[in-house]
Amino acid sequence: MNFLGIYYYWVFAILLMVGFYAVIAKLNLIKKLIGLSLFQAAVFLLYITVGKVEGGTAPIFASAAGERLFSNPLPQVLILTAIVVGISTTALGLGIIVRIKEEYGTIEEQEIQEIDRQ
Amino acid sequence: MIILLLSLGAAWLLWSGLYKPLLLFLGGLSCLLTFLLARRIDYFDDELYGLHFSLRLLRYWFWLGGQIFRSSIDVSRIVLHPKLPISPRVIDVKAEAGHPFDVVTLGNSITLTPGTLSIDVHEGVIKVHALTEAGARDLASGDMNRRVAEIRKD
Amino acid sequence: MTIVFGVFLLTLMLVTAIAIVRTQNLFVAVMLSGIFSLLLASNFFLLDAADVALTEAAVGAGISTVLYLSALALSAQHEHAPYSSHRLIALAVVSFTTLAVIYATFDQPRVGDPAAPVHQHVAPWYLEMTRDAIDIPNVVTAVLGSFRGYDTLGEVFVVFTAGIGVLFLLDKPGARHSQTQTVGQVRLRHYLIPRLVGRMLIPFILLFGLYVQFHGEYGPGGGFQAGALVAASIILYALLEGETRALRALPRRLLTLLIASGALLYCGVGVAGILLGGNFLDYSVLADDPVKGQQLGIILIEAGVGITVTGVLLSIFHAFAARGRF
Amino acid sequence: MTALQAHLPALQVVVPMLSAPLAMLLREHRLSWTLATAASLCAFAIAIALTLAVFDTGGMRYLMGSWPAPFGIELGVDAMSALLLLVVTGASSLALIAGASSLDREIEVERQPLFYAAWLLALAGLCGILVTADAFNIFVFMEISALASYVLIAGGPDRRALLAVFKYLVMGTIGATFYLIGVGLIYLMTGTLNLDDIVYRIDEVAELKPILIAAGFISVGLALKAAIFPLHVWLPNAYTFAPHVVTVFLAACSTKVALYVLLRFNFVVFKPYLEGHDLKFAIFALPLALLAILVGSAVAMFESNLKRMLAWSSVAQIGYITLGAGLVSVAGLTAGLLHIFNHALAKAALFLALACLAVSVSKLRIENIGGIAKRMPWTMAAFVLAGLSLIGVPGTAGFISKWYLITATFDSGSLGVLLVAVIVVSSLMAVVYIWRVVECAYFREAEEVQSAREAPLMLLLPTWAAVLLNFYFGLFPGVPLELSSSAANLLLGQVP
Amino acid sequence: MYYAVTIALLVTMALALLRALLGPSVYDRVLAVNMIGTKTVLLLSVLSFLFGRPDFLDLALAYALINFIGVLAVLEFFRVRAEQDKSDANTESR
Amino acid sequence: METLLDILSWLLLTIGGIFVFIGGLGALRMPDLYTRMHAASVTDSIAPILIFVGIMLQSGLSLASVKLAAILLFLLLTGPTASNALASAALLSGYKADGPAASEEDAGK
């Protein structure tokens, strides 16, 4: 049980790594952005994992739920906000990418820098 | 239009399952809002009127369910067969019913039935991809086509 | 048993994530991130976060896929050079970060341990106070709307900023408007089946969106998810019938108004709190009975969130679409 | 009025925030400029009122939604936030006033309402970070201000602005996400998000690994946002290609606010409980600060694009601030905080002068401004005087903070001499790069600037206001000094 | 017994994911996305009963809906691209 | 009666699960896109019907059942529509539909 629990944290760490790596090492701007969302998704996972209570249920009082143990609502609230922030960043980033493509004709970082150097 | 409004209302009531005055009020508001928007997006042109909830439709559904079950087993047998005995082919089916809505019903029924897949609809002719020759023959016999056409016959 | 499911899903997620990074076809990457989102959302659901799961599905699998696709339609679909020359440095930085994170896991409390400090301090208070002071079933909505309403205000303004930003960037006056008209008209009109089925469903999707909006207090849902769903239904219409017709139904001017009015509504409720003698965002003073006031406040601010989100998402979509191709 | 007094911390954020949608709705760019400026001035007035309140009572607390502290979100204003609030709202107001005539050249009239809305949001976001006392709330407002500043920078007319913004966006998001990870780990261990409450509860778990890692993540994330030395790579281009008044605003504010959060976390939250925190902080901060100072100044010396030159100088100045903080003493922190204030003054004046120059010179490169001083005497005079403040000539604001910095370093023992040497060397470098400009503008033959005219009054006025403020605070450093010393005492947990 | 269904669904998701990874054509991947979407809807419905919280069926519906819109968006994407290729032949070669 | 319903619903659920699995397997084993779609449509049509009916029998005549029915209806409407959309998109971009020898090239250039 304990191992399985730790597994969540590790997956978080590895996801973080994969996303972060894509952000730093990739040259394609869209790929960077996708990496960034992976990176953020990892953090979402961390928070939600933290909020889970064993044997608990979603923190919504309902007749079906009765008097059961509830999971922690706070991380969920935080992540709701964070998801929204994430999509906003993505949208803005995509907007910038579209403009870059129009101005430069490419979305590869290296090629853009070459064009600028000329 | 009234049908839409009624079905929206019914959908809300059944879905919500909470009958507090406030929520009922909000529900009414939502239905109205949806209705207004539906009008704005030209929801009510003639292509769509064809929602006939009749006994015949129900009967068709049951028949279709049977078809789905039968052909599902057929396809499953093929999938589980070590050699994958398939003989795919494409045939054209001309829809007997003329109304676009019925063509859509037919097209979707074809897709819904495993083993046949409608890939393109053009002026009442449905291009169908069939997994096996038997499936293609079945469809070409026009049983489903006739039944769909019958739904609307008054 | 649940945790086994979770582990299974997590493993799938890992595989997907690695595949996303490895593939060079951007379209494939976008598709895979759609899958990733769905898996992530299922995981959230397993971890009892119904609201978050709904949001992740609406945002990750829905809206962001659409946005990525529309950006992709405007740019290349293939990466050229896969990695920068600083690949090794990157790897080193990343490994270091990961090791740090893994190091941190050693002293962490077991996942789901009810005695962990996270569940001790503030959380029980929220559960209790939601029952007493606000009296709505969904604790997440209560925390979101009232206890931490200020965060949510910030969230709305983040969305608002993104909307402004995309409009500012892409709405350059006189950019390719003539071309849009002809290209945008065709859309999926040719495809009979999707068009008819889609159109038949639009009102119901819309209604469902509004349902999610107004049942945020009772079940999973709320302004943001509702906004995303409503926007999705209009986007569906735009996909089926063309940009121009969608814009005719909901003109830009109206969308701009929506964006601003939602944000204003939220802020206005907060200011009303001050005017009526409470603190900013204090809903208790909105009605004679504090509990009723709280409920009223939450409904109002959720409406504000929903309106803004709908407006912003649609504006962003149109801004991308108006660039001519998608 | 007294009734409103209690709401000031909330209003500080709400006024610009509420104005943003309105500014967007106003279709006419003059109207929305007026609204934005009015809101910004109003925010400045609120900041002054808050500062007075801080002098009176030592600080203010405000409960959002009237929910009690660890559960709801609490706002708190103390000396440190008051200092930064003054800087942020003041710079925003000055830059906006200057923007009336400068921005029309860079941004189409139709898009200006959106631009002003974004400006107000950036302002609201920065104020939001400064007044809040909640770890997660800081994240939210950090993202508002960050997203808004991306928009502002992307308004730059040069297409290279786009790539610069994209890099900034990626870096900024990484920084924010790191911060989020750190906050998550803290929350995991303490179960609370309120800063004061964290301080109270972190005691029991402080020795555990997650807290240590959290401290690391938060520090690195914020360092990225604050452009502390090796993580500064996004800054020069972002500043260079932004519209001129945006550079004025951002150079004075955005990195400083990130520094503020960094200092707050490190000193208030982690310092008392993490073993050897002082030492670790100093070990990381001091070398980086020194490198930043030297590298930033050196690059600035050889840079011929004027804006980029000043941007690199900013990297160096951030180094000064970190240096002050890295000393981990009251004197050092006082100097660092004071330098936040004074550097903002000097940089704002310099960038404003550049904005004036840009009226007549299309490319702000050093080759292009030969002999311009004859054509634009007021502008260049402002540039020179502000440059003096940046160098740290006695009588200017820049001198005060450098003086304090030097005294603080002398107190820190044997290392002190080295540090002082670095400060002096970099000041000399500053002389060099300012002098290059001066030489070019005053003593070179006028070549292609024949048609140059003096900048419009609306632009000169704020520039000169900033310059004069440099001298005012150079001669009467009372207010910022008092604020920064009580803030330093607060950070180190000593009763003043 | 819900467990059995859940396991079947999860395994199928894995299979579909495998299909998405293998490709070979982009359409296969879209098909896989669609399949995973449908499976998720089923999974959610089953799980909400497994957890004894049938009120979460809302989620399942929302997923179904989003999935549908996503696939249509992809279709539109293909259409746009086909048109693009037609209009400028020298666009990105393969 | 209770037990009968139980047994029936378990039966349906199990068969549904089996069909789901077969569909997934088929999608993996089949040689080309269209044939894979046939396999996928097993999971899209029969499996939801069986599973949802199975759950409905469990939950009895309640609002949950209505919701389940609505979701089922929605799935049955959208599933084939999406397949059709996908198939026509593939056809449009020249993905060959005749026989198993369809090109294996990556169409997503």
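Letters A, B, C, D, E and F name the chains as they come in the text, with residue numbers starting at 1 for each one.
Note that a contact is a pair of C-beta atoms (placed from the backbone, for glycine too) under 8 Å apart; a residue touches a chain by one contact, two chains touch by 3 or more.
Everything quoted here is computed from the prediction, not taken from an experiment.
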Farthest chain (mean CA position) relative to chain E: D
From chain B, the most remote chain by mean C-alpha position: D
Pair joined by the larger number of C-beta contacts - B-F, C-D: C-D
Between chain B and chain A, distance of the C-alpha-averaged centres to the nearest whole Å: 38
For chain A paired with chain E, centre-to-centre distance based on mean C-alpha positions, whole Å: 20
Cα-centroid distance, chain D relative to chain E, in whole angstrom: 46
Sequence positions of chain C contacting 2 or more other chains: 25, 27-28, 50, 72, 76-78, 101, 105, 108, 118-119, 122-123, 126, 148, 151, 154-155, 158, 161-162, 165, 169, 191, 193-194, 197-198, 200-201, 208, 211, 215, 218-220
Residues of chain B whose C-beta touches two or more other chains: 11, 15, 107-108, 118, 121
Sites on chain E at which at least two other chains make contact: 13-14, 23, 26, 29-30, 32, 53-56, 58, 61, 65, 67-68, 72, 74-75, 79, 81, 92
Parts of chain F lying in touch with chain C, wherever the complex brings them together: 74, 77-78, 80-82, 84-85, 88, 106, 108-109
Chain B residues touching chain C - in the complex, by the definition given at the top: 4, 8, 11-12, 15-16, 18, 23, 26-27, 30-31, 33-35, 37-38, 40-43, 47-48, 51, 100-101, 103-104, 107-108, 118, 121
Chain C residues within the chain D interface of the complex: 100-101, 103-109, 116-123, 125-126, 129, 146-151, 153-155, 157-158, 160-162, 164-165, 167-169, 171-173, 256-257, 259-261, 263-264, 267, 270-271, 273-274, 278-284
Parts of chain F lying in touch with chain E, wherever the complex brings them together: 10, 13-14, 16-18, 20-21, 23-25, 27-28, 33, 36-37, 40, 43-44, 47-48, 51-52, 54-55, 58-59, 62, 64, 67-68, 70-71, 74-75, 78-79, 81-83, 85-86, 88-90, 92-93, 95, 104-109
Chain E-touching residues of chain C, taken from the complex the two chains share: 1, 5, 8-9, 12, 15-16, 19, 25, 27-28, 31-32, 34-35, 38-39, 41-42, 45-46, 50, 53-54, 57-58, 61-62, 65-66, 69-70, 72-73, 76-78, 183, 187-188, 191, 194, 198, 201, 205, 208, 211-212, 215, 219-221, 225, 229, 232, 235-236, 239-240, 325-326
